[in-house]
């Protein structure tokens, strides 16, 4: 669910072979984050989407996403993946509640849900996370874009998000009352 | 639901007589806030309860609470009542989502719900609000107390909260995963 | 928020003049419901929208919506308005939780939020409500339509919902994981 | 998180050795359900707790709980475990929303969260599920008890729930507005 062509740092507790094997046997637990900026009243004013080229050369958008490791709390996993994708100066405000705004079920085969991940069955707990600092793009990113909620609500953005994350992005916007 | 012996600044748009009349005719909309401190990972580490003496001389605990005015957004009402009760230096982080963790229905007569307000039928949208600054007690307060989640979960605190707000406080703690 | 040209049965506790006066002074509390059908696994399979002609002769869509009366619980208000709009044989399954999926703030002037109600400042607690029986259209309705979640997610439906309820409908679909 | 001394039917996709190995390497995804009865208005009137003897001979209470299998949706897993624990005639009303009322993080070592599972790191998505039929106790159960919300809120029940599920039970009661 994170990088496609590069080694996955979140597989540290399993060798690549072991992870590949586990991926065919049990659902993996993920966290996802929709980074946002808020004004002084808590209203979401912009949403961050990461653009990159997929192996087919198409530009796709994605969210902050990654696996929860053995022994790691959801908050620790969220923080680790936010830092990995946005840099150490993003200063995210982690949620006070462990309840996600949405649960996204990714299956290898399309049609079981709105979400698809060819590699695995993954269940992601998704959170809206305000960031207060400066975000840096990841090395594999073409661009790191801030969009207004209206832009992020558009069919064009919905279509270019990978694995069904356009639906998750809309659910995030709806949960904070700014879906266009 | 706010101050007992002092004029209520939230009744500015209605005279006292008019407000008294309206209170017998329609439910009034309130916001309530449970101010908390969080650590760097978003975990709630303490909860603020305001202690004061009620007209009968008993010490009771309460939360930040007040009416929503005509033309005022829920966020504006939350901010106004937080500032009134905690001072201008509390620096609250207002919620990104307008969905409350709980809705408390206060009725003049006990038994219809867990919440009672002798003066009126009020429906309060309740939010957990992290504060990052310094809180000052209100003029009518005996004390402004920070409690650990475990202390705030205790039967003793539950019993001394006014109008059923012990139940609301527990629901707040449960919503952020720290109810003891 | 309910019918425009017809007497409002929910104003029983206030005369029309009194209600008109109150509407200019304080925010009114509403409940709204998005009626849905679910399959045996709880998945929403269709959504009900009520179509009617507004005073300008345009066809608009709306949801079940109405005021909370003095002394009435939110559940009682929800049930009353569901019965009024869908008939006595709809057999709604009221929510176990009093927490709405969204709070819609209607203001007389556009721009303060996504929701507009020319008559008043109203704050509506909105719920997704499965119905298990047969729904009958209201007397002022042109048609009572069941749509699939995909149809209900479309820009066309979004545009024809009155007062910004297209946004509320999308938020409802997102909250149950079926927004297209 | 399910039965202790009996074979676990939810491990079908992995041999016992494989599951034991996986349990030391990655967090496992669980669903939990708090079965309730509701009245005609959706108010929770009773809560079901399963009592059984643990290997030490102590009576402990538990909830419906079990693993999510590869390729299985959360709803399918919920339904399967409800049927296994309550019998085929319980007729549960599965939630319309996939968002849990709480996420419980079970760690093998106490202190990281309110929840402990000596066997593994498990993350459980917990749902309140109304049942409309007849519940039968599981074969390994001493008793299947229906409690009022007030009884289920008591410190005694809280203390005898296994693995910290007293906290989860309270959070369930709070989420539906009936925590005592």
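In this document, chain identifiers A, B, C and D correspond to the written order of the chains, with residue numbering beginning at 1 in each.
Here is the rule we use: a residue touches a chain if its C-beta (ideal position, glycine included) is under 8 Å from a C-beta of that chain, and two chains touch if they have at least 3 such contacts.
These numbers were taken from a predicted model, which means no experiment stands behind them.
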Copies subunit A and subunit B - rotation angle from C-alpha fit, nearest 5 degrees: 180
Pair joined by the larger number of C-beta contacts - C-D, A-D: A-D
Euclidean distance of C-alpha centroids - subunit C vs subunit D, Å: 35
Subunit A and subunit C: spacing of chain centres that average the CA atoms, whole Å: 33
Where subunit A and subunit D are represented by their mean Cα positions, the distance between them in whole Å: 28
Residue list for subunit D, restricted to those that touch at least two other chains: 73, 98-99, 101-103, 113, 175, 177
Residues of subunit D touching subunit A in the complex: 13-14, 18, 22, 24-29, 68-74, 98-103, 105, 107, 112-113, 121, 123, 125
Of subunit D, residues touching subunit B in the complex: 102-103, 113-114, 155, 167, 170-171, 174-175, 177, 179-180
Complex interface listing, subunit C residues touching subunit D: 36, 38, 40-44, 73, 75-76, 79, 93-99, 101, 128, 130, 175-177
